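So, here's a batch of structures to check.
Two complexes come next, and they have one chain in common, chain A, joined by chain B in the first and chain C in the second.
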Partner chain A sequence: MITFLQLLISGLALGAMYSLIALGITIILQAGILNFAQGGFMLVGAYLVSWLAIEQGWNFFLALIASLAATVIFGMAFDRFILSRLNNQNQFSVLMITFGLNIICEIFVQATVGTDLRSNGDPWGKAGFNIGELRFNLNDLLAIGITGILLVIFFIFFKISKQGIAMRAVALDFEAAAAVGINVWRVNSITWGISVAVTTIAGVFLAGFPHSLEPGLGNAAFKALPALVLGGLGSTTGAVAGSLIIGLTEVLVAGYGETVNKFIPIGSGVQAVAPYIVLLIVLLVRPQGLFGRKGVERV
Partner chain B sequence: MNLNKDDTIDGNALSDTETAINTAEAREYLNTHQVLPKPKWGWIICWVVIVVAFPLVFSNNKILLSIAVFGMIVAVGSLGMNILTGYTGQASLGHGFFLGVGAYTAAVLGGTSSNGSDLLGLNWSFLLWIPAAALVAGLIGAIVGPLALRLQGMYLILATVALVFIGLHLFSNLKNVTGGQGGRSFPAPNLGELNFATGGSIGPFFFNRDQLYYFLVAIILIPVALFVRNVMNSRAGRAFMAVRDREIAAELFGINLARTKVAAFIFSSALAGMTGALYSSYLRFAEPTLWGVNLSLQYVAIIIIGGLASVSGSIIGALLLTALPQLVELLTGSNPWQINFFPFVTSEVGARGLSTSLFNQLLYALFLILFLVFEPGGFIRIYRRVQIKLQKYLATNRLEQ
Partner chain C sequence: MSKLNPSNLKEDNSKLSDAPLLLVENITLKFKGIVALNNISFEVWPGELFAIIGPNGAGKTSLFNSITRVYQPQSGTIQFAGHNLLKLRTDQLASVGIARTFQNLGLFPLMTVLENLLVGRHHLMKVGLIPGGLGFGPGAREERTHRKRCLEIAKLLGLGPWLGRLPRDLPYGIQKKIELARALLSEPKILLLDEPVAGMNHEETYEIAEVILLIQSEMGITQILVEHDMAMVMGIADRIMVLNFGQRIALGEPAEIQANPEVIRAYLGQSEG
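Our next item is the complex of A and B:
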């Protein structure tokens, strides 16, 4: 029982981190672009924080803000100078460009910092406390808390603020939005900025205890994709719910995989593929996901 | 050439057909009004001579020969990718999985199982394991294909990404087949006395390993390329393209969407399987992690850089991107003058910084982005544009004279 509860906590924390990434992807997806480069942005952001905090000796929060600013500018520039050039082209080209950027980000990190494991530079490290036999890591709790706060801000922002309404209008109909006087390019830039900022925060948490920073971190963004489909592509509620389920699935499979393996030969390391198995099942059974509307096609 | 085409649509020519009852007349009509261009025998002979002479001239140049062999092997798979993505419009990142399936089918059927190891190996002839690799990969494509019917665009890409990750898990866990994390060696073709792994003589002539592979791969690639070209000029090919351009309109024309898409899937994965078998065999040894998303992306890059929906584009793209690593090696210090043209690239192994292999991947990604942004038609479109400009230039010159 203790094991189960312990797994539940870390599963929820992992799900919260995934949901930040998934949310970032969803915002851009509403502008019609499935961004495979999210992992790359996350990697660059997290490494920048770590480099500023450790090598340069900056305060962690200052480093975080500087890194957020840098990645946000990077994301906006990518949208403005590359993606907006092919606004009328098909989905496939845009997707492949983001995939290319993802690889470039990974190579950049590997070439400048190397492939060694390193700390993410956070001041809390492996701090935490026990309640009974349960261990609560500060990193996990902070991830859950900050994700919750960000989600509330998001929903208010999207439903109430002028900017949020403009973003939804652009997502609904690009040309009509431009016709009523919305500066669509600026709205797109802001969309990218928010998305990249959220992802950078997720990256810092993902590299916190008990994990550490490594170039493979970018793969976590790939795990947000099953979460997105499970929740329903394009739905913000779905993105969060899907991420929590995927995070729990991954951690529970990791915890009980060895036990199951004795009865059914599922092999070792199933937790890495469990999200994708969920993805395939969802696509076969209910392609619109949990919260998606049927017939909505963002193709 | 354009003038000829216009002739056939001419109203007079059509009324001629009705009166051409006599077979001799009909034959004469067909000879003078051919729709399909006549084969240009001069060019064909030229190409045959180049293809046959290449390995004989460069018999000891391992680098050039291996580029040619790898390039032609990859070209087979790129043709498959182009059928699915370029012609039928079904974007997929699952090619790496099918390559892996083909490779391990070949390994199990053609490999040897030595004493003491758990690796499966049936030691069949390569005349069986190359077609079998295509067959097994095609069968799996037939299982996966119907999944594609329900999914479009992004959903299909996500599903194929999932397929690749699940495939990676299977490959690293089926230790009897793949050798687990340590990888396994792959069989070399064997024809009687002739062993492809070491080279051998056919009659009085001796051929080394690379030359033997070269001829084997050329014998496979050329019919495959011709076959794909001819299929794409036929009813079936036009059905593929109609599905790509507008699904609903295609269905309205009486094209069976489900059958066309599944056919494209099977066709594409069978070619991928064959490539996987040949590639791993020429590579000799591979680890299960090879068959991942990045490999799939390489094939996407090849068809985009070469040219979507183009047979020659697939082949050119495959050759170009296979030559790229060697070119990078050459330019970063492996040349006779020992000059590194890219000072930011280190050729030392294990050093921090931009190693040549990383630089390679970087170029791949950069080319992919640059082509998509500036020339989505790929290399073949650039070639055609230059060709047309040249023709115009020559034509105006002729008029002025």
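Our next item is the complex of A and C:
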């Protein structure tokens, strides 16, 4: 029971981190772009925080705010000066450009900071406390708490603010949105800004205890992809739900893998494929994903 | 919030009635050597229901897209209520008083009908947060005003029963009315309708024609109607401009247009070919 609860906490924390990334990918996806550079943004953001906090000796929170500002500007500029120029005319070109940016970000980090494991620069490290036999890591609790707060803010913004409604309108039909007076460029900038900001925050938590910062961090963004499909592509609620399921699956399978192995030889490292098995099962029952809508089409 | 009262709009219009609301002069639009619009000029008066017709490829849509700032004409001017339209972006048109509907419907299919209507108020919203049904907060008063206006227009167009539904679950005729309602909710001085009855049956066409006349008589809003359906246009428009191959071949009242030999030739020639 203790093991299960312990795994539940780590699983929820991991799911929370994934859900920020998945949300970031989803809101850009709603604007018609599958952004493969999400992991790249996350990597650059997390390394910037770490570099400012450790090499430059900045206060961690100051470093976080500065990095958020820098990556948000980076994301907005990428949308405004590169992607907007393509005018969404060729989906494949857009896809390849985001893919290329992802590689550039990864190489840039490796070339400037190196490939060694390093601290993400957070002041809490492996701090935590015990309740009975149950261990609570501060990094996990903060990830769950901050994600919860961010999600509440996001959904309020998305559902009832003027800019949030404008975001949804642009995602559904940008021509019609422009016709009712919505500045599509500005809305896209806001979308990219939010997306990159939440992803950077996820990156910092992902590189926290018990993990470290390393150039492979960006791959976590690819783990958010099955979460998106599982939750229903394009649904923000689905992105969050799918991420929690994937996070829990990964951690529970990793935790119980050895026990299961005694009875059924599933081998080690099954947690890497477990999310896809869950995905397959869900899609067999609900092809549109948990919160996806059937037959959404753009006229 | 005098803007919210339709009777005030009528007064605005009467003040302007000695000058055209929309003045298009010598517009020429070319695509890689093909002349889509050749030196087109016309004016639309306040309160008028002005129709633009012509066979396929006549330049109706090109003209519509030039006014709605999708295309940039190579020469000519478009003046609207003191604004040089050619200097504005599409998303700036709502705030100068131009609203439009789309030929293939420009609704937001996954937002409720009421949300679709509220989006029409986008450029009129000052407070960023709309507190939903909470009924408090800085935007509550403003939101009540916007919602009230949405309900008024919805009632006028008979959309009351559908407000909580998703547009994509509703019949085409209703969807068209939602789009019209959303356009009206931006409190426009002029409403541009791109083939509003395209693909509609006789009954739906009749209903939309009634709504267009209602908008003119009840709200006093100027309308430009780009249309294929000759019978409908002849029945409701105050004046008609006929385009063919990017040229203006006629401009006048329905009776004059019907008797114009060049118009008859353009239309018959097309249907025979």
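Please note the rule applied: the second predicted complex is superposed on the first by the 287 of 299 C-alpha atoms of A that agree within 3 Å, B and C clash if a C-alpha of one lies under 4 Å from a C-alpha of the other, contacts with A are read in each partner's own complex, and residues count from 1 in each chain.
Rule of thumb we're sticking to: a residue touches a chain if its C-beta (ideal position, glycine included) is under 8 Å from a C-beta of that chain, and two chains touch if they have at least 3 such contacts.
The structure displayed is predicted, hence computed values, not measured ones.
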For the overlay on chain A, clash or fit between chain B and chain C? fit
Just checking: does A:144 make contact with chain B only, chain C only, both, or neither of them? Give me first, second, both or neither. neither
Regarding the shared-chain residue A:72, is it in contact with chain B (first), chain C (second), both, or neither? neither
Geometry row: CA centre of chain A as apex, chain B and chain C as ends, angle in degrees (steps of 10) is 90
Is the number of chain A residues in contact higher for chain B or for chain C? B
Per the contact definition in the header, classify A:224: touching chain B only (first), chain C only (second), both, or neither. neither
Looking at A:245 after the superposition, I want to know if it touches chain B, chain C, both of them or none. Which is it: first, second, both, neither? neither
Does chain B (first) or chain C (second) touch A:34, or do both, or does neither? first
So, A:114: does it touch chain B (first), chain C (second), both, or neither? first
Is A:194 touching anything from chain B or chain C once the two structures are fitted on A? First, second, both or neither. neither
Gap in Å between nearest CA atoms once chain C and chain B share a frame through chain A: 18
Where on chain A do the contacts with chain B and the contacts with chain C coincide? 299
Can you tell me which positions in chain A touch chain C when the two form their complex? 159-163, 165-166, 168-169, 172-173, 175-184, 293, 296, 299
Touching residues (chain side chain A, partner chain B) in the complex: 34, 82, 85-86, 89, 91-93, 95-97, 99-101, 103-104, 107, 110-111, 113-114, 222, 225-226, 229, 233, 267-270, 272-273, 276-277, 279-280, 283-284, 287, 297-299
Listed in rising order, the residues of chain B that touch chain A in the complex are 85, 91, 147, 150-155, 157-159, 161-163, 165-166, 168-170, 172-173, 293-294, 297, 300-301, 304, 352-355, 358, 361-362, 364-366, 368-369, 372-373, 376
Would you pull the chain C residues touching chain A in the complex into a rising list? 68, 89-95, 99-100, 102, 104-111, 115, 118-120, 122-123, 125, 127-132, 182-183, 186
